[in-house]
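Order as written gives the chain letters A, B, C and D; numbering starts at 1 within each chain.
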Amino acid sequence: TEDVAQYALRLGDDALILAQRLSHWISRGPELEEDIALGNIALDTLGHARSFLTYAGHAWDRTEDDLAYWREEEEFRCAWMVEQPNGDFGVTIARQLVMSVYQYLLYSKLVDSTDATLAAIAAKALKEVDYHRDHAIQWTVRLGDGTEESHDRMQAALELVWPYVDELFDDDALIDAVGDAGVRPSSLRETFDAHLAEVLAEATLDLPDVPRARGGGRRGEHTEHLGYILAEMQVLARKHPGATW
Amino acid sequence: IAGQAYFDRVIAEDSRIEPRDWMPAAYRRTLVRQVSQHAHSEIIGMQPEANWITRAPSLKRKAILMAKVQDEAGHGLYLYSAAETLGTPRDVLNQQLLDGKAKYSSIFNYPARTWADMGAIGWLVDGAAIANQVPLCRASYGPYGRAMVRICKEESFHQRQGFEILLELSNGTPAQKQMAQDAVDRFYAPALMMFGPPDDDSPNSKQSMAWNIKRFSNDELRQRFVGMIAEQVKVLGLTLPDPELRYDEETGRWIHMELDWQEFKDVIAGRGPCNAQRMARRREAHENGTWVREAARAYAKKQAAKRAAEEIGAA
Amino acid sequence: IAGQAYFDRVIAEDSRIEPRDWMPAAYRRTLVRQVSQHAHSEIIGMQPEANWITRAPSLKRKAILMAKVQDEAGHGLYLYSAAETLGTPRDVLNQQLLDGKAKYSSIFNYPARTWADMGAIGWLVDGAAIANQVPLCRASYGPYGRAMVRICKEESFHQRQGFEILLELSNGTPAQKQMAQDAVDRFYAPALMMFGPPDDDSPNSKQSMAWNIKRFSNDELRQRFVGMIAEQVKVLGLTLPDPELRYDEETGRWIHMELDWQEFKDVIAGRGPCNAQRMARRREAHENGTWVREAARAYAKKQAAKRAAEEIGAA
Amino acid sequence: TEDVAQYALRLGDDALILAQRLSHWISRGPELEEDIALGNIALDTLGHARSFLTYAGHAWDRTEDDLAYWREEEEFRCAWMVEQPNGDFGVTIARQLVMSVYQYLLYSKLVDSTDATLAAIAAKALKEVDYHRDHAIQWTVRLGDGTEESHDRMQAALELVWPYVDELFDDDALIDAVGDAGVRPSSLRETFDAHLAEVLAEATLDLPDVPRARGGGRRGEHTEHLGYILAEMQVLARKHPGATW
């Protein structure tokens, strides 16, 4: 249905833009192992994006590439969190901590979707996101409980990304409409908070106390970053309309 | 028997030297240099391709390219491990790269200007690398040979992907085909130079061959490679920018144009198109990562201390 | 006469207080807060427009936009200077901004999503700013009033440029016209809220008016502005997103829709679309500049020491 | 003539890409005065670009915007120096030091061009570039002779940009062809070197000893940076072909 397609589009756009951001780290990591790890995570996440977008596209007779390369900014449905710049390694880890725990909880429930395709995509993605979560937690703890500098940087990184957490858990009319085919974001919040509190405690970090940003990605209202992301991502494809690669 | 005698016998039998075996200092030095240069090449070689990940023109190609560049990081890791078995730790090797004291393959000092370069690099650069490396799978130093086996398998996969990119472009729009031809034109000569200077100007080759590290001469490898791509380019529907290219029935060898060895020397000496950029990027990544590596070390130390304290408490 | 009596007479005569004159502590505090908030607004206000400089769709527009954003930096400078005459140095004011202790106009917490926003910001945001600021040219505090004169002149130039951008878009392709309308739709209500809360919810206004800082109430300014743009929008061939907008002949006032004051409070409290981004960018620029400012200070010190030594030598 | 147009294109592209790079500093400077100064320099430089490109475009019946927004990467003729990333403030100053001294020397001679338009553009630009030069020199000295950190950063910045200096002074066939309408780049080198040596000495900085990069911008062979610069610069204009702004 149209609603399920719109819902898949959200999940796909979150994954696509996150993968795009993460992929920038390849050849720039703090050590070779991290080039590989972040590359893996980006690659997995891109895979999830492709599955969700391919599925969403069925409803409109559009391919994953039609959706990735030929939509305008206001047609994207990603949350503001994934649009946030990479910053230093700590900021990327902070964003990953939030996104991987969020996606883990989301996909854990989505495996029970009444929509068989969404359930199947979630099942496959879940195993991978579990690793992403583990990676982000380990680094959060290492940086939080590492040196004084790394502690301060990691705390600052959390403060930077925290305004964008709440939007991930906002319900809206589409969530009502998809019903049991989807997952109600607000239903994940309690577990998310508990999980994060545990990780931050182990990392000797404080839960940030900063106001939320308004958000609006689900309605196509994006941060000023997305235009730049898309300009780069789409530039080549758009120079060759109709071409195959 | 042991020492030089054992080493000589292993070489004579074309068998393998292992890390704990005695080996001549020059053999060890040569291998450390060669293996670490190879590792550095994998690391620096990530850059030209990483340049197109965020702009890949389809999600499938983006995924393939990401996987490929990541494989290169993996190759770097195996090779540093192989080099470490010879007694030089990875951070020392890495510092040599950062200080500009160690070399890497000069092909990576050419820019990847268009998407078609992802095809040309896969087909020509990885192709030349494979031609170089397949014989190295039988290199007399065990860990190096074994690393090569694994790497060659992945490289040939990468080469096929590069070929596929070019094929798709060649069968695409006129602009795409032009892009493909242009990339092949730019990478042909640099790829041929990857085999190193002509045999009569390659002083170290002889010793390497005597030690069963190198198996074929530079020129032998080069003309074998040129023969291979001369056939493949027809399937691509493209041409090689070499008016002199032909198979000489009489000698059974491929003849190719004269290469610009001055350019080769310039690039090695740091005057290539991207030397400065590649090194700047590597140094920047290393510096930006300093605080992260320090944190990881500090955390590991704390954890070790904690475990030790627990063990004492438990005892 | 001096002190309170002099101050009261100056205010009563609608004349000007100058930096060295006595003034009530509350007057000084109010002015420091208002002038520095105004300065901070100029600085933060550079960001939404700077967001489009590198992507401006013609070189002429790029040049105009660069000049405009640069003017805003200049306004920031005048205003910090005016605030400094009240005894608070610029770095203290700047630190208040960085620490989140000082406010800036909440309009700049809205994103500039499209090029048409460059038009809407110029026409509506600068327009509202001018409506606010023209009366401030007569503010009782001399340096503030004089800074305002200069700023208003430039702002009205900026407003005309914004109008021109929208006019060009409105007369352009359907996509351009749509972009213009969309920008006006998004900036209309936030621009009206720039005049502050309704009069019955604006406790500080009365004292400011008594001191001849403020000259008109928030609602007076707002409805005057709305009347102005209601006329101008017709020339643009666009519409304002306000179904209730009309001129009430009876009261001689413009009536507009109810504004969402909860949104206004949210944005002021930090929950707007871009509060976090704007502050992060300002802090980042400040931190990245630390070593530069330190170097400039160190160099100036060395030079001063050198000159002093030379003078001693010459004496 | 075609040759003069091609020559103007080079000068215009150098200025255009440099202005594009510099403009990124507006709202990001180390202090408010630098937002203004760098903004001024960017604006002047953009002005020079517009004059040169407008003049070049006459030969092909193309406007400055046609040339700025509708050429492909390989049609640009800028040198590699201006394509270099901004880096930290020191890197930008190092690039400015080289470019402003180079342009100052170039325009000083171009005022005697046999081509009246080029001479006129140069005359106007010269006064402005003189200020740019002064700005860059002052900061080079301040950073070089400031703190230990600023000294090291400025020295590192010079090493970063130095490989791209030589290309600016390369002669080629077009230089022969334009003759006295243009300026022979190699003829500026000696003065450039002498001037730079003086500035670096005052700044207690060492002249970098690093190999030159090959270069090739004048032939349309660019660094990997230019594609990104153009993707961003051209994205909006290209979404609306035929539109006016």
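Please note the rule applied: contacts are C-beta pairs under 8 Å (C-beta built on N, C-alpha and C of every residue); 3 or more make two chains touch, one makes a residue touch a chain.
Here the structure is a predicted model, which means the values were calculated and not measured.
Among the remaining chains, those touching subunit C and also subunit D are A.
If you take subunit A and subunit B together, the chains in touch with both are D.
Note: centroid distance subunit B to subunit D, computed from Cα atoms, is 36 Å. We define each chain's centre as the mean of its Cα atoms; on that basis subunit A and subunit D are separated by 40 Å. One simple way to say how far apart two chains are is to compare their mean CA positions; for subunit B and subunit C this gives 57 Å.
Of all residues in subunit A, those that touch two or more other chains are 227, 231-232, 235. Looking at subunit B, residues 55 sit in touch with two or more other chains. If you sketch which chains touch which, the pattern fits none of the simple shapes: not an open path, not a single ring, not a star, and not all-to-all.
Counting only pairs that meet the touch rule, the chains in contact are A-B, A-C, A-D, B-D, C-D. Subunit C meets subunit A in the complex at residues 48, 51, 55, 111-113, 266-267, 269-277, 280. Residue ranges on subunit C touching subunit D, taken from their complex, read 43, 46-47, 50, 53-63, 66-67, 69-70, 73-74, 76-77, 80, 115, 165, 168-169, 172-173, 175-176, 281, 284-285, 288-299, 302. Within the complex, the subunit A residues that touch subunit C are 73-74, 160, 163-164, 210-216, 221-224, 227, 231. Those residues of subunit D lying in contact with subunit A across their complex are 227-228, 231-232, 235, 238. Only residues 16, 20, 23-24, 26-36, 39-40, 42-43, 46-47, 49-50, 53, 64-65, 68-69, 88-90, 141-143, 145-147, 149-150, 153, 232-233, 235-237, 240, 242-245 of subunit A touch subunit B when the two sit together in their complex.
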